[in-house]
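You will see two complexes here that share chain A, one where it goes with chain B and one where it goes with chain C.
Now for the complex of A and B:
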């Protein structure tokens, strides 16, 4: 019975992982990149040079400058949303409602962290694109896309749980790696990537589902609140219903004293966001939300003031109850904005391990299935399809990501909808990677796409030096480690991809005695070994078919 | 070990391979005489839709019956629902055959739904 259970879990693990593996790979890799959202945005907006305000007095001055700017440019807007500059994000992002604007009725601007004036930054989504893509894809209806990603995340959770059951020797396999042994090596690599960061994989998948649970699992709320969404939002999120404008003009009070009061209330914490409803009206409110980089829990701490008098109207999030706090902590763990650079680096590495886990899993399936198919002498369409998609997803996505960085530097600054074109560049490159394996089969497709990714990433610091004044030649002598580190990181990614391309190109499936030619990056799908591309090296015999 | 890759003699398409994998996983032929792909399809429906329905029922039960403040009860149900869904999926594919898989979902699901309906939970 026990073996039967393990076998059925092995089946479940294989199929739940494979069927959505390519989506999961993209979600994992772009989600990992999203840990560096502020750094990516900073790199993509080289025009931003002003450092963020540091002292409370400077922060208050900045906040007031931003409010003044909004009062001048959007006095009739029903709501402003201002995210204050922080050390990692030394600029202010502002959104405001404008019934005249297209789409969802918002306008947006990037403001200088000192003067509060608009910055002449190039049109770009920056790191926001990877962050958004990892849970709502692109070119798609947002709720539909979030449902798709949630659906795939559920498969991931099932794959992890069934994978743990399947895995008999979880501890022993941790120390097991058998390189050059065909599918055994892929199995070991898959297990190492999975086991190494197993708590992280479980955590990130479950908490990812939790971040979207109000959309995917609303039934408890519907039943308990009888469909009264407003009451639900008020009780669950502690956000009051926005008051109706009184129609009586009243200027906004200075925001500095409110920030000071909030900081006292939060024992020295600082506000990260300001939200203003009905600005310029007697019924206006100013809502301060504590910066989410200061706490593990994502359960927002909020203070709401009257915009006309400055009187404190309400506070929320100070005394979280268990379930709300559990959700807050799960959310906070998922987005990983708390903690110092070391913890974020660990999250980044774990995210890469998760990406590698998905990738090796997909390749493992193709290698094993092709071996079995080769024994029967016929390789079916299913195997070829999986192999093709593996190349396009795993090797193609880095090419697409690098292409977006190139587009950021090369597209003309006055191009209309420039930010959209950077993203079109990402998808055009990815689309080409999807077509490329039709022309170049098997291992060559892997090698060429990894090599392309290596070149694109590795040359980015050079491109940066040719197109901006914040390149390594300047940032290294100046000790600007933030910017220099990003350029060096791009170079490191390029070198890593080059190393992978080299390993794949040199790998001969024949290296493993008795192993049949596989179908992973280390092999080619032809029924016979291609001697031109697999010369016998070091006097080793080429494996017989 | 993810060693259940399909070994179907006719793994032509992905769906055929799907059916073949069932043979690999369950060499002992636990599934009834119905075509193997039908059993797998039935299990997939049970796992995805049936599991979601069971998780939703449990979330509603938590929201209505948990002796806690209303938002707390609602959120507890939501947080737990994904674990319940995962458990349901594991059960569906561990069960001896597709019929048992469905029965295993309906056994807790139907009484729960009936109780919720009787107490006005769906009103």
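Now for the complex of A and C:
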């Protein structure tokens, strides 16, 4: 029974992992990049130079300037959403609804963190693209894409739990990594990346599902609130209920005193977002939301004021009920926006470990299956397909990401829908990576794609120097560690990819006659077939057969 | 303070790992771990690991400190596991070198 259970879990682990592996790899890598969303956006908008306001007085002045700008440009809009500039995001993002436009008519602009005037920043989605992509993909109907990602995340959870059951020697092999031993090394690498960051993997997968739970499991809320979404949101999150405009004009009160009152209420916390409904009307409301970088829980702390009189109408989120707070903490853990630079670095490291876990898992399948197929003397279509997709998904994605950065610097500034074209660039490059293994088989495809990624990433600081005035030659002497660090990080990624390409290229297939290069990068399938084929002795997950 | 946590965790993991035959052999070229040394390593390892969350929690409080500590555990054990096959002695020495340094830094800062 015990052996049977473990065998069936091994089967489940292998196939649930393979089924969603490629999507998960992309989700993990872009999700990890999303920890640096503000930094990526800042790099992609080199026109933004003004530092964020620091003192409460400066912050209040900025907020007022933003409100004034919105009053001038969108007085008839039913709602404004303003995200205030912060140290990591020294610009203001504003959204409003244009009542004249068709559909929902959302408009968006980037405003200067001091003057509140629009900045002539190039059209780009910045880091927002990676963030969005990691839970709703692209070119797809948003709910459908979110369902796909939720489905994959659910399988991820299945793969993690079945993987723990399958792994017989978690403690005995805890520190074990044996490089240069073909299939054995892939298994070790897979286990090391999985086990040593296991708390993170479980946390990020589970909390990822929680972030989309109102979509995947809406029935509780639907039943309790009879489909009244607004009532649900008001009660759970404390957001202001949409009020009907009174039709009586009334100017908005200055926002400074409201910010001050909110800061007192939150024991010195600062507002991160301002939402205005029915601006210029007697029934207007101003909703202040506390900055989400200050708390672990993602349940927003909210204060709603009357826009006409400045009277406090309601507060929310100060002490959430246990269920809401549980969700809030999980959501907060997932997005990791509360942490300082250190915690972010640790999350980044664990995210990369997760990416490596998925990648090694996919490669392991290919290495192992090819070994078995070679024994039978026939390598089937399935193995070739998985190998092909592995190259495109794993080595191709960094190429695509780097291409987007190149497009950001090289596309003409006045190109219509420029931000979309940066993203098209990402997918065109990825598509080419998908075709490339048709021409170049096996190991060569791996090497070339990793090398392309290395070149593209490694030359980005140079491209930055040629196209902007915020390059390493300026930022290093000025001690601008934020910008310099990003350029150096790009260089480091380039070097890391180059190292991987080199390792893959230099690996010689073992002397055994069955050696078949190309099952995985740097794999040596023939290295020690005698050891590798004795699963019981070494306690490895037994492949499904 | 979190550097002290990292150093404690790294030293703790190193001790636990040296108590295992496979890794003992990597570092000391002898597969057999003398029983007394094994016990000493195990006890030291678990004590160090048990102490590792303390600086994090003292500095950052229970909620945030615990999250930070989980990340620190991963950041400590990943380099150890990856370094062992390539430079076993350096991997083993890093703990004893880092620990007094981190303690000194923590004292200086306090």
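Note that in this section the second predicted complex is superposed on the first by the 507 of 545 C-alpha atoms of A that agree within 3 Å, B and C clash if a C-alpha of one lies under 4 Å from a C-alpha of the other, contacts with A are read in each partner's own complex, and residues count from 1 in each chain.
Criterion: contacts are C-beta pairs under 8 Å (C-beta built on N, C-alpha and C of every residue); 3 or more make two chains touch, one makes a residue touch a chain.
The structure presented is a predicted model; accordingly, all values stated were derived computationally and were not measured.
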Exercise. Would chain B and chain C fit next to each other on chain A once aligned, or clash?
Worked result: fit
Exercise. When the two structures are overlaid on chain A, which partner does A:369 contact: first (chain B), second (chain C), both, or neither?
Worked result: first
Exercise. Regarding the shared-chain residue A:349, is it in contact with chain B (first), chain C (second), both, or neither?
Worked result: second
For this session: Give one of first, second, both or neither to describe whether A:322 is in contact with chain B, with chain C, with both, or with none.
Result: first
For this session: Return first, second, both or neither, reflecting whether A:275 touches chain B, chain C, both chains, or no partner chain.
Result: neither
For this session: With the two complexes superposed on chain A, say which partner A:192 touches: chain B (first), chain C (second), both, or neither.
Result: second
Exercise. What is the contact status of A:285 with respect to chain B (first) and chain C (second): first, second, both, or neither?
Worked result: neither
Exercise. With the two structures laid over each other on chain A, which partner does A:475 touch: chain B (first), chain C (second), both, or neither?
Worked result: neither
Problem set entry | Partner touching more residues of chain A, whether chain B or chain C | B
Exercise. Given the touch rule stated above, what does A:408 touch, chain B (first), chain C (second), both, or neither?
Worked result: neither
Seminar exercise, completed: After fitting on chain A, the minimum C-alpha spacing between chain B and chain C in angstrom comes out at 18
Seminar exercise, completed: Check: chain A residues flagged as touching chain B and also chain C none
Exercise. Of all residues in chain A, which touch chain C in the complex?
Worked result: 172, 174-179, 192, 196-197, 199-200, 203, 296, 329, 333, 338-339, 342-343, 346-347, 349-350, 353
Problem set entry | For the chain A and chain B complex, residues of the former touching the latter | 4-5, 7-17, 154, 157-158, 161-163, 165-168, 187, 190, 206, 209-210, 213-214, 217, 219-221, 223-226, 232, 235-236, 321-324, 326-327, 330, 361, 364-365, 368-369, 372-373, 376, 380-383, 385-386
Problem set entry | Sites on chain C touched by chain A in the complex | 2, 13, 17, 20, 22-23, 63-64, 67-68, 70-75, 77-78, 80-82, 84-86
Problem set entry | Interfacial residue positions of chain B with respect to chain A in the complex | 1-7, 9, 11-14, 16-18, 21-22, 24-26, 28, 30, 55-56, 59-60, 62-64, 68-79, 81-83, 85-86, 89-90, 93-94, 116, 121-123
